[in-house]
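For reference, the structures are reproduced in the following blocks.
Next come two complexes, and both contain chain A; in the first it sits with chain B, in the second with chain C.
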Partner chain A sequence: MQLDVSRLKGWLALALVPLIVFAVIYVAPVLQLFWLSLSRFDPSSGIVPAVDPSYYVEYLTDSYYLGILGRTVIVSVATTFMTAILAYPLALYLLVSTGWRQTCLFIVLVLPLVTSSIVVSYGWLILLGQKGLVNDVVIGIGLASAPLQLMYTNTGIVVGLTHVLLVFMTLSVAASMQGIDANLAKAARSLGATSWTIFRTITFPLTLPGLRTGCLLVFSLSMSAYATPVLIGGSRLKVLSYLIYQQSSSLLNWPFAAAMAVILLASTLGIVGLVRFYEYVRKNTALHSADSVIEASR
Partner chain B sequence: MDSHLEIVTMNYIEIDDLKVRYGDFQALSGVSFNVAERERICLLGPSGCGKTTTLQVMAGFVVPASGEVRLAGRSLIGLAPEKRNIGIMFQNYALFPHMTVFENVAFGLRMRSASNAEIKQEVMIALERVKLAHAAEKMPSMMSGGEQQRIAFARAVIVKPSLLLLDEPFSNLDARLRQEMRGELLEMLAGLPIATIMVTHDQEEAMAIADRIVVMRAGHIEQIGTPSEIYDTPRSLFAARFIGDSNTFSGKVVSTDADIAEIEVGALGRVRGKNHGLNTGANAEVLVRPQRVIIAEPKSANTQQNSVPATVERVLFLGHRTEIHVRLDNGFKFVIWAPDHNRTDVQPGASVMLVWNVADTFAFPGGA
Partner chain C sequence: MSYRPDGTYSAFGRIKRGALAAYVMLVAVFLIAPIVAITLGSLTDSNYVSFPPQGLTLKWYAAIFSKPVYLKALLLSLIIAFLSATAASVIGVLVAFAMHRYPTRLNILLQAFVLTPVMLPSIFIGLAFLIAYTRMGFGGSPLGLFAAHVVVATPFAVSLILIGVGAVNPALEMAARSLGASPWRARRLITLPLVAWSITAGWAFAFMMSFGSLEVSLFLNTPETVTLPVAIYTSLEWSPLDPMLTAISSGLVIVTLIVLLLLVRTVKIDQLMKRNGS
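Up next, the complex of A and B:
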């Protein structure tokens, strides 16, 4: 025990350095941002220090602003959902494939990350446009008579974000999938389980930690994504990050931009926190009901 | 062998000329053996001998290039693993870590769409049988290695499989725990009248558990027999060396008759042993078990015995036996197990005569 405690202290000392750096370069600016969001903006004299929550009130009572927050959340949830569905087959393939196939899939997954998001989004512009490849195919095979409106829609934004962020979900899921003992599937199979049952009862539950990490990453990154939603959604379908950019760069209203940034941060953390809380409650009730099943069986 | 074997089907499982290739590696090159109903078979051999591959073919995880596996007359080849009704206990137990002990054991019944009431009843009976009814709601990670083995056993046999496969069930354990768990497994198997095939590289384990042992090497079978058959009448040098300890030395065959070969062993003179396919002039490897050799007075040997002079090097008292290390005149070393508790009469440095029966001497082709 003595040894363990002293070891713990050693690690704590080491962890202290990045913790302090993190506090200085992350927490301090956020506090600064919060302070700024309570100031007032005067077009002639600039930022006027104050303790005034009126920008928050303005944002949260205006249906136009609330609509943009709503769209940002809906687009992020949809993107998270889409990446989760696509990640499982990709992660399975990534793990069972070997050699050049695995390398190729990996490159395809990471490519949108190492390419500028402007370039990636322009790629989608070409594919999703009125005379784009997707519409050509859809009309060509007779699924629609007129071109579908894909650009400048929420669907288009979700498609673009899913493409860029899929790698985070796939790698998180693949990482936890890799940790699963291959004998578990064999044991289940020998007991009569089909491939789908094995996925449902063994693989999926055991990859939940990876799925959770992936959802957290993809959801937060979608909430704060800028280039992709702006290029595919255009100026008509604004997301919150675009609104912040507008306020701070075009209108120079930094206090209002700061208030929006705090709202973005708070809603991201709030939604993630709510999901965690729900999981916590559900897990406890699930354990409880499992107990009662066994009690009843005696 | 158990006495009930006369009344059961001798070829309950028929394995016929199995061949498996992994790329350039011939994992199995024609493996055939039968398993009787309720018989316990051990596949024994060093790593890479094909024992695990044979098990994987039985379970359906490896498809053989050719050959046949029949269970109760019905071919298993082409049948998916989940449709074979074969129970497997894995080396690492492979318990589902996210399920309670109860759910682990219940898994097979759930796959067979048993009713909840039936599942509760059957699982509790199975857990009681392995003395773990109190642990039903616990998670596998909270259980000891021995308890995990019992859960894995209960999970594998609850569906009443037509065959039970055990894959190196003790190889992850230290020596003392291994002894303990072997006892537990034997106890659990005793109450279970189904055919069992166990894979192991540990000859002692195989001898303790098996009705018959299949000695494998490099993808083929060296010998099939009861533990005592293989120990007392090994049919190859490999089988003789793999099962049990032995003293070996090499020489040249000077004469042979139907069952006895006479071998010239350098400066030691001639020894005689049971001939296993040797011709005059061939190189031979001679084996004798350590407990078959006795230390005797010079010139006490008769014609049915071999005798060579030696010098005692060390005498080790090991409790249940005394181990005497001797050096023969040509430099060969011998180990002798004496059942007498403490051979104080034999002292290091003493000149002695080693004597053993010709019938206990095996002569195989091989050696320099």
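Up next, the complex of A and C:
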């Protein structure tokens, strides 16, 4: 639809205030952060304006810093994997249940997300400790003889992150499950397929777009999580977001903190972008080869 | 509404259906476990945090009232969440109508401004706010905190209100206009009641996101601007096993639950899933 002047005025009447407000309180600060990440910092005189990428070089050549980035990525991949496995039955149940059951499941899924991350992590602190309920149960039913170390481990962090982010994966998978034509499964059944075969050959392939959306969401949210890894992982198992906070609030080195924040953003968006790019290339080559097959058959 | 899923479920026998329900119960226990541990743990009679609680008492809740720091933090969090959720809903209504009534390429700009904050790491935007707001002169003030929370809460309000406005048939409003209603009257009597549920839901979601937000407030934290999550975070470093801290935390849970129930009463879960997909 072409936009004439009167329609543009109508659009502006609605959009102008949000645009100006967000330009000042959101877009300008973000752009400034990029700019500041190229400045230098001097402990005595403060921030020295410069165009100097040396904080990026410092981060990306230091094995200590790279190790922290590596662990952040590994924890995020593990969390994505865990949520994907847990989400499928939940998504199915969310769709087939009705009334209060559906509402209850929805509340239970959303609750960890909307409750402050600090409170949820505190809860895990109580449950996962040496004398916590989880260890009592594990020892009580004879799975272990001594308390397991769950706090301050990568496993603990993955448990905490999976807990908070499961809702994103479940809703994404449920959304694409909802679009599947029920006749496909009926046809498969009439031909003697078991429910496992139906899942493997119909449901799973058709929910791949939702699975992909869920994976990208969960991965990027795990990469940037703060409270869960800091409280469950402690100061020994640092993640990148903790490093950024430490650098800016204790050491007051804003330029270095800004450079690390950009690296965090770039590594998150970078992996997400790579996935998108790979799919784009594959789709195009698939179309191309399909074309050439048609071409050849003529 | 009554949706028959892809057929996998209808192929399930009684045992498989039972197994699925049992699995969902297990995951539900996993999902509510830490929150239950906090709320029930706060009732303990012992002088350290213990779950399951030993004895039952409300003395830790009474103890909060002798600590004005936490009450101040709770009050500030409530005010900031209320104001930023309201601002986010107003922005949400403006943006949703601009995008649905005027399909133009400029809407991409609008989307980039109000929907992307949720995609950026909260540590990233927290640091950006600290740097920029300090330079603009309202870094450590409640105003800076309010601005930051508006940014954090707006994407949630916008995406819900977009669903609501998108579901309204614009022909209804036009019909009212053709029968002589003024544009304002048509919008107030026809469109507004139809999108009201999404505005309430968007407000509630925005409120919860602001009320629980830790990272952004942590960066803008000064002695005058301590929100409840920040107060809990800093106390956790010194005395993680103080039962009073669980009492404060469950206070936070209770406020969140009340708003969540308001949200669930208004939201249409099936419509949510339709939009959430790719």
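Operating definition for what follows: the second predicted complex is superposed on the first by the 245 of 298 C-alpha atoms of A that agree within 3 Å, B and C clash if a C-alpha of one lies under 4 Å from a C-alpha of the other, contacts with A are read in each partner's own complex, and residues count from 1 in each chain.
Keep this in mind: a contact is a pair of C-beta atoms (placed from the backbone, for glycine too) under 8 Å apart; a residue touches a chain by one contact, two chains touch by 3 or more.
On a predicted model such as this, the values are computed, not experimentally measured, just so you know.
In the superposed model, A:106 lies in contact with chain C only, and not with chain B.
When both complexes are overlaid on chain A, the residue A:93 reaches chain C alone and has no touch with chain B.
Of the two partner chains, chain C is the only one that A:29 touches; chain B does not reach it. More chain A residues lie in contact with C than with the other chain of the pair chain B and chain C.
Of the two partner chains placed around the shared chain by superposition, chain C is the only one that A:115 touches, whereas chain B remains out of contact. Of the two partner chains placed by the overlay, only chain B lies in contact with A:205; chain C stays clear of it.
Contacts of A:256 after superposition on the shared chain: neither chain B nor chain C is touched. In the superposition on chain A, A:186 contacts both chain B and chain C.
Note: residues 181, 183-184, 186, 188-189, 194, 202, 206 of chain A belong to the chain B contact set and to the chain C contact set alike, using the contact criterion stated above. Of all the residues in chain B, the ones that touch chain A in their complex are 59, 61, 81-88, 90-92, 94, 96-98, 100, 102, 107-108, 111-112, 120-121, 123-124, 136-137, 155-156, 159. Interface residues of chain A facing chain C in the complex, by the touch rule stated above, are 1, 3, 7-8, 10-11, 14-15, 17-19, 21-23, 25-30, 32-33, 36, 86, 89-90, 92-96, 98, 102-112, 114-127, 132-133, 163, 166, 171-172, 174-186, 188-189, 194-195, 198-199, 202-203, 206, 209-210, 212-213, 220, 223-224, 226-227, 231, 241, 244-245, 248-249, 254, 257-258, 261-262, 264-265, 268. For chain C in complex with chain A, the residues that touch the partner chain are 2-12, 16, 20-21, 23-24, 27-28, 30-38, 41, 49, 51-52, 91, 94-95, 97-98, 101-104, 106, 109-110, 113-114, 117, 119-125, 127-133, 135, 147-148, 150-151, 154, 205, 208-209, 211-215, 218-219, 228-229, 232-233, 236, 240, 245-246, 249, 252-253, 256-257, 259-261, 264, 269, 272-278.
Note for the complex: chain A touches chain B at residues 181, 183-184, 186-194, 197, 201-202, 205-206, 290-291, 294, 296-298.
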